[in-house]
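Chain nomenclature is as follows: A, B, C and D, assigned in order of appearance, with residue numbering initiated at 1 for each chain independently.
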Amino acid sequence: MIVRALPRASNVWKRSFSSTSARREILDAESLPHRIIPRYQESQTSDLLSLQWPSPPRNILIIKKDRAPQVTESLVEFAKHIHSNYDNVSLIFEPKVAAQMHRHFQFPIYTTSSHDTLPAKVDMTTTLGGDGTILHASSLFSTTLHVPPILSFSMGTLGFLGEWKFGEYKRAFREVYMSGAEAGSPFLHDQKHPHIQTETAETGDIVTGWSSVRGKSMGPTRSSKVLLRNRLKVGVFDANGNRVIGDNTAESADGDVHAMNEVIIHRGNEAHLAIIDVFIGGRFLTEAVADGMIISTPTGSTAYSLSSGGSIIHPLVSSLLMTPICPRSLSFRPLVLPSNTPITLRLSEKNRGRELEVSIDGRRRSRGVGVGMEVRVNGEHIAKGQEWIGGVPCVMRHAKTGNEDDDGWVGGLNGLLKFNFPFGDHE
Amino acid sequence: MIVRALPRASNVWKRSFSSTSARREILDAESLPHRIIPRYQESQTSDLLSLQWPSPPRNILIIKKDRAPQVTESLVEFAKHIHSNYDNVSLIFEPKVAAQMHRHFQFPIYTTSSHDTLPAKVDMTTTLGGDGTILHASSLFSTTLHVPPILSFSMGTLGFLGEWKFGEYKRAFREVYMSGAEAGSPFLHDQKHPHIQTETAETGDIVTGWSSVRGKSMGPTRSSKVLLRNRLKVGVFDANGNRVIGDNTAESADGDVHAMNEVIIHRGNEAHLAIIDVFIGGRFLTEAVADGMIISTPTGSTAYSLSSGGSIIHPLVSSLLMTPICPRSLSFRPLVLPSNTPITLRLSEKNRGRELEVSIDGRRRSRGVGVGMEVRVNGEHIAKGQEWIGGVPCVMRHAKTGNEDDDGWVGGLNGLLKFNFPFGDHE
Amino acid sequence: MIVRALPRASNVWKRSFSSTSARREILDAESLPHRIIPRYQESQTSDLLSLQWPSPPRNILIIKKDRAPQVTESLVEFAKHIHSNYDNVSLIFEPKVAAQMHRHFQFPIYTTSSHDTLPAKVDMTTTLGGDGTILHASSLFSTTLHVPPILSFSMGTLGFLGEWKFGEYKRAFREVYMSGAEAGSPFLHDQKHPHIQTETAETGDIVTGWSSVRGKSMGPTRSSKVLLRNRLKVGVFDANGNRVIGDNTAESADGDVHAMNEVIIHRGNEAHLAIIDVFIGGRFLTEAVADGMIISTPTGSTAYSLSSGGSIIHPLVSSLLMTPICPRSLSFRPLVLPSNTPITLRLSEKNRGRELEVSIDGRRRSRGVGVGMEVRVNGEHIAKGQEWIGGVPCVMRHAKTGNEDDDGWVGGLNGLLKFNFPFGDHE
Amino acid sequence: MIVRALPRASNVWKRSFSSTSARREILDAESLPHRIIPRYQESQTSDLLSLQWPSPPRNILIIKKDRAPQVTESLVEFAKHIHSNYDNVSLIFEPKVAAQMHRHFQFPIYTTSSHDTLPAKVDMTTTLGGDGTILHASSLFSTTLHVPPILSFSMGTLGFLGEWKFGEYKRAFREVYMSGAEAGSPFLHDQKHPHIQTETAETGDIVTGWSSVRGKSMGPTRSSKVLLRNRLKVGVFDANGNRVIGDNTAESADGDVHAMNEVIIHRGNEAHLAIIDVFIGGRFLTEAVADGMIISTPTGSTAYSLSSGGSIIHPLVSSLLMTPICPRSLSFRPLVLPSNTPITLRLSEKNRGRELEVSIDGRRRSRGVGVGMEVRVNGEHIAKGQEWIGGVPCVMRHAKTGNEDDDGWVGGLNGLLKFNFPFGDHE
């Protein structure tokens, strides 16, 4: 993990930190310092990881729900709060949102239209919206192995992925921002990290570590708990084995994109059944005649797969789900496979020329997939080394139980999915 | 039942029967004599009905599977057989098929492009294809209460609706043609049917009843067994309650169309869930958040509804099925309702302006259904009076069991649907 | 329908009606007048029937929930209310309940230990308990075709079969008692019913029709709505085809018993799978390898069949459900059959000597059923003639909608079964 | 791993190996040398492990199917083959089988009635029967962490766990016996293993390693592939938290027993629903009202859990399944949990005194479990160190694909479970 030295005398940078007069500018996120990659510490008592910032996060991406005017006000409140209380933090928005919002702020905000910039710059993402907003945020990092941690606020009804109520935003942000500051951070105490000195020296005027943050610390043991959600890797290939480039996504090194929930092949508005040959680990499994097929992560097991009859899989069961959508069969039961199983869905010749829809995390990803094309899926490999690689780190809310190690999953089953909701008249 | 007196000196008519030279004409089905409506007799031992022609059928509609060149040859063979063996029979085809086929025949064939003509002229329909072909044939009569009996031949694999193998066509056609001829027919013996005399008199040269048919009779007790399949009545209405005219269908008196399998509302290629308010018998039942909803006949219970988790309902259980497609709910179980229950599916305001797909028997029926629109469904009322009204009369094949009263349903479950197919290694 | 002339000078009778001093006796129900069989009138607007007493009901059977001490108090209150307000009504209890309760009453109560007495004497049954209590009440008439109407009060949580809350008992009983009194009853106005005169003459002092009932009438249009629930006919036969007599039930004429919910074959506490050959309409359908098999009425579709994955069938869909319990198969889907389909479940030789459990409506009915034995099931035939024959007439509560014709089914799905209960956080 | 030095001049030992005259004795397995624990080597290309014997296996346990006389003959053939071709191998049987079989053999066989002996002595288990036989074999080691590898032969129909056809027994046994002999074995080449010399020296006359085995070697790369199946740990506790001793099993160190398929709580032949409180990771999840509850391994996902609607989980997905049996709920979906999740099933007070059945791998394990009792379940921890600890090592058959690394799972889904068996008429 390298914190890139800041460009000396960067105008952009200076403006954003030193100017006191109102600025309603939109700046290029490219000019921001390189991102800080946190560490994730395992614990004895919990399957959740403990978030450890080596130095305070600076570049915060804020994603808001689409077409939801009521979220705008909350977003303004949230952004202003961050700006006033965390001087050295820059706020990044998606272009459309930046354009729409910047007049609300007395300070510059950042944006970018390049798919490469966000993975390089964003320390942490916050979302204001529902599960769809989180999926969208995650999709912005669908080609990188180091997804920044996501702190998500639900607006209106709670989602299954979203964790925090908007009313909690001050405490929530503080907690994540400070996470690891005192307990584990090498930043304040560890002289072996020369890049910290360098940074201080170079910028001259910005603060060291968390000391400038107003207000009281969260205490040494308060580190944010992170659920690392496994993703899928998806590649689409034509009948000749050439990779079909997704239409709206920068591709990763190998060209695959990652999904947080699932990838789906579906007949779309073709009235007829789709016919899909399914291969598992290179072996032909079956010819699926169905509305479509879902390959899902455990996270996605409570999304489309659930509606299609799949079991509910805890997000920490390392696995892939294969769930058919309305299969024309009495005997097509959902399968759960080891996450390292390569799965291929190939459009059978029998579809006679028509195209199917491929969508990832609820978004259509192609102009249609024709006969002979293949969707190749694999679980993302998560490596635990010094830095964790892979997965989407989601900041969890402390459960109502007061138990810090509660991953909230059981609560979500009951509270949100109405799991095994009791019969009877309880009006 | 009135057999319309034939127009004296009809050119068309004359040509088709008297000409001996090769004719490769396509004539207008409008010129054919009015259809003959059969009777259906109940029996003590069976739930199947016994087909009784008052006089021999004359106007035979032949429907073939779309885009299936291999069926063409069989169709030619079949048509030639009918023409050579049943002089007074005229063959009607859909316009496209007629255009494509007529050069194969030395005799004139009939067609029509008017939706009203077929219900007025067709005595009996034969299909060469699969279940989709039968559904299509049935759709040609979707606005009439007197669907002519359907004799269906499967080409290739047997379908669940299709009954006869093509290899059996000679015997099958003979059996249906003769059904009721000797045992029950008033035609030959009953002088109280003046229209028969009239007809004979007018045409001068054509035969009386079945006497001209070459070959031996099927015996007095051989009448064809008919399964009367209940249909659905479907109307689509806009937010103001005005009927939305289907785009490719003549509407019936009240504007409703009939479905043999089901009517479906589906999100189509919209990536997001559809939201549909469901009313039963005028009462609000539930808000369905799902890929879609199916309202199905018992016949359709082995089609899309089965894929969506519905139970299998015997076609003679008078009922409607309501089966959700991928509902975002753990507790949406398929329902089976009395067939006289009015069901309304209304597109909720929450769909925010987007359109859903409505399809009937596997065909899209509208340009999309928008917010506030309603699909209103009811079971077709079947009246048993002197003439049966309603339903699709399907000519059943005698079961292998040799039991004439076997409706073949149990055989189909096992042979086609692989119902409760045993586990184990039976290679 | 014959109201049996009362035995002149019957001691029993006299005591129960003329005595003014406190009587804590238990009398023999055999001494009561023969039952009155109501008529059920169909309506245009509803699928519910309208209950019409030809003369006021006199013999009321009261069934209470087993082992539920809290019900006792309510029962005392209820019984006293009936006794005080409806002089000519006699209360019948099951022997155990009678023994336990009679000291609470200042008036005689009736009981019987003969299975034949209840069907001959009971005009109407009231239950205090849950669905199990109603099933038990119905089982007391499992061999008769004229089940008296059941008015059921739920104690504690509402059941799916039970309709009325106990708090409503005064109004509810009045309504049923008076049902048809003014509007349709021939009793008051029709001089053609000599047995009424006879009765009055014989008993000398008791009232004519409903005139003696204190309090206001319910109005001419207030007749109780009755849902006639179809039953199953069940016979158990040994390997030689001999009927196996149920161990605790008088058998009907043909020896069959009736079930309101379902008949079940189950492995019980045998650890191994049961193997059952299934025949439909005399044809072999399949070999079920499973925990067991359920043959259910539509009423029972919301009971065990639902737990086993069956669809929900409206009670007025005339049908039988066949739902396997944990079948060792991927392709055993529940079936819905016409109610007149004979179904046979035969214990396969492969069970190697062990016995399975047969239970009807939640009660074990045999000492175990061994290899070769058959359970033969058929839907009960309901005849509509002058008197309805067959079915269990259940008095329905007026829906909250205020709609008299609402059969309450939709309300029950939502309120009790939590049908399609919405996802999300609605605390 | 220590190969215990053999007792010099052990009579038992001498007899079994040196005697040439016919011996029809049953000897005490206690007298056999201590077992040899194999190593399992991971591979790059496969998720299967490679079996590596440090020295040839000597003590072979043979388990045969219960009450299956036709298996007896095969067993005799198999045992004689082993005895003739593998001199230094001793055959161990269960007491009943030993008693029944020993007269067939000209050589002594071994048995034991002590539960501790088998885990201490058995190098390898072979089963002749079906899945139930394998489950039973596994149950003999339900309290040990080092289950010997199981080589299973199916008699009659193939099971899902059983791998080899009996006809293959010579090749199969040879392969397992030799596994690792040349390629990886330290035995023949590695002088650092002094116990080998010791052994040779001590016994004087027996062979070194595999050299004495007649016939050709399987080649250096031919090592048996082993699927290590995860087990469950199960403990049953009374209302006071005291462990309830299983009635027919020696308990392991901590008293838990292991299950290969599943543990089940079931109502047995109680006619009423069971009520079970379910806790996950110490948190209350739900009150299950059902026939019962299944906690299953991935291996067991194709057994009872499948019949109850569970998904199919690949045996290598480290997880626990929780599948309800006929839950009285519309919203109780099967769950898949991380294998280290502690699950507790507690019998609710609401069961009012009755007892439920607990069974493990298809065997009832207790006299019934009463109110307040708990079944506590956890996934077995598998440790990979120098020696693998935990799991049931099952010797896999080379797939027909010729691919050595094929775990046969896909083949089993299609061939045995008839997964997604195609519709249609394929007679």
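The working rule: contacts are C-beta pairs under 8 Å (C-beta built on N, C-alpha and C of every residue); 3 or more make two chains touch, one makes a residue touch a chain.
Given the structure is predicted, the values throughout are model-derived calculations rather than measurements.
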{"item": "For chain B and chain C, chains touching each", "value": "A, D"}
{"item": "Of all other chains, the one whose Cα centre sits farthest from chain A", "value": "C"}
{"item": "Euclidean distance of C-alpha centroids - chain A vs chain B, Å", "value": "52"}
{"item": "Rounded Å distance, chain A centre to chain D centre (Cα mean)", "value": "42"}
{"item": "Intercentroid distance (Cα basis), chain C paired with chain A, Å", "value": "58"}
{"item": "Residues within chain B bordering two or more other chains", "value": "306, 327-333, 417-419, 421-423"}
{"item": "Contact footprint of chain D on chain B as seen in their complex", "value": "157-158, 329-333, 415-418, 421-425, 427"}
{"item": "Footprint of chain A on chain B - complex, ascending", "value": "67, 266, 268-269, 271-272, 290-291, 304, 306-309, 325-331, 352, 357, 359, 362-364, 417-419, 421"}
{"item": "Residues on chain C engaged by chain B in the complex (per definition of touch)", "value": "47, 280-281, 283-289, 298, 301, 306, 310-314, 316-319, 321, 324, 327-338, 341, 401, 403, 406, 410, 413-414, 417-423"}
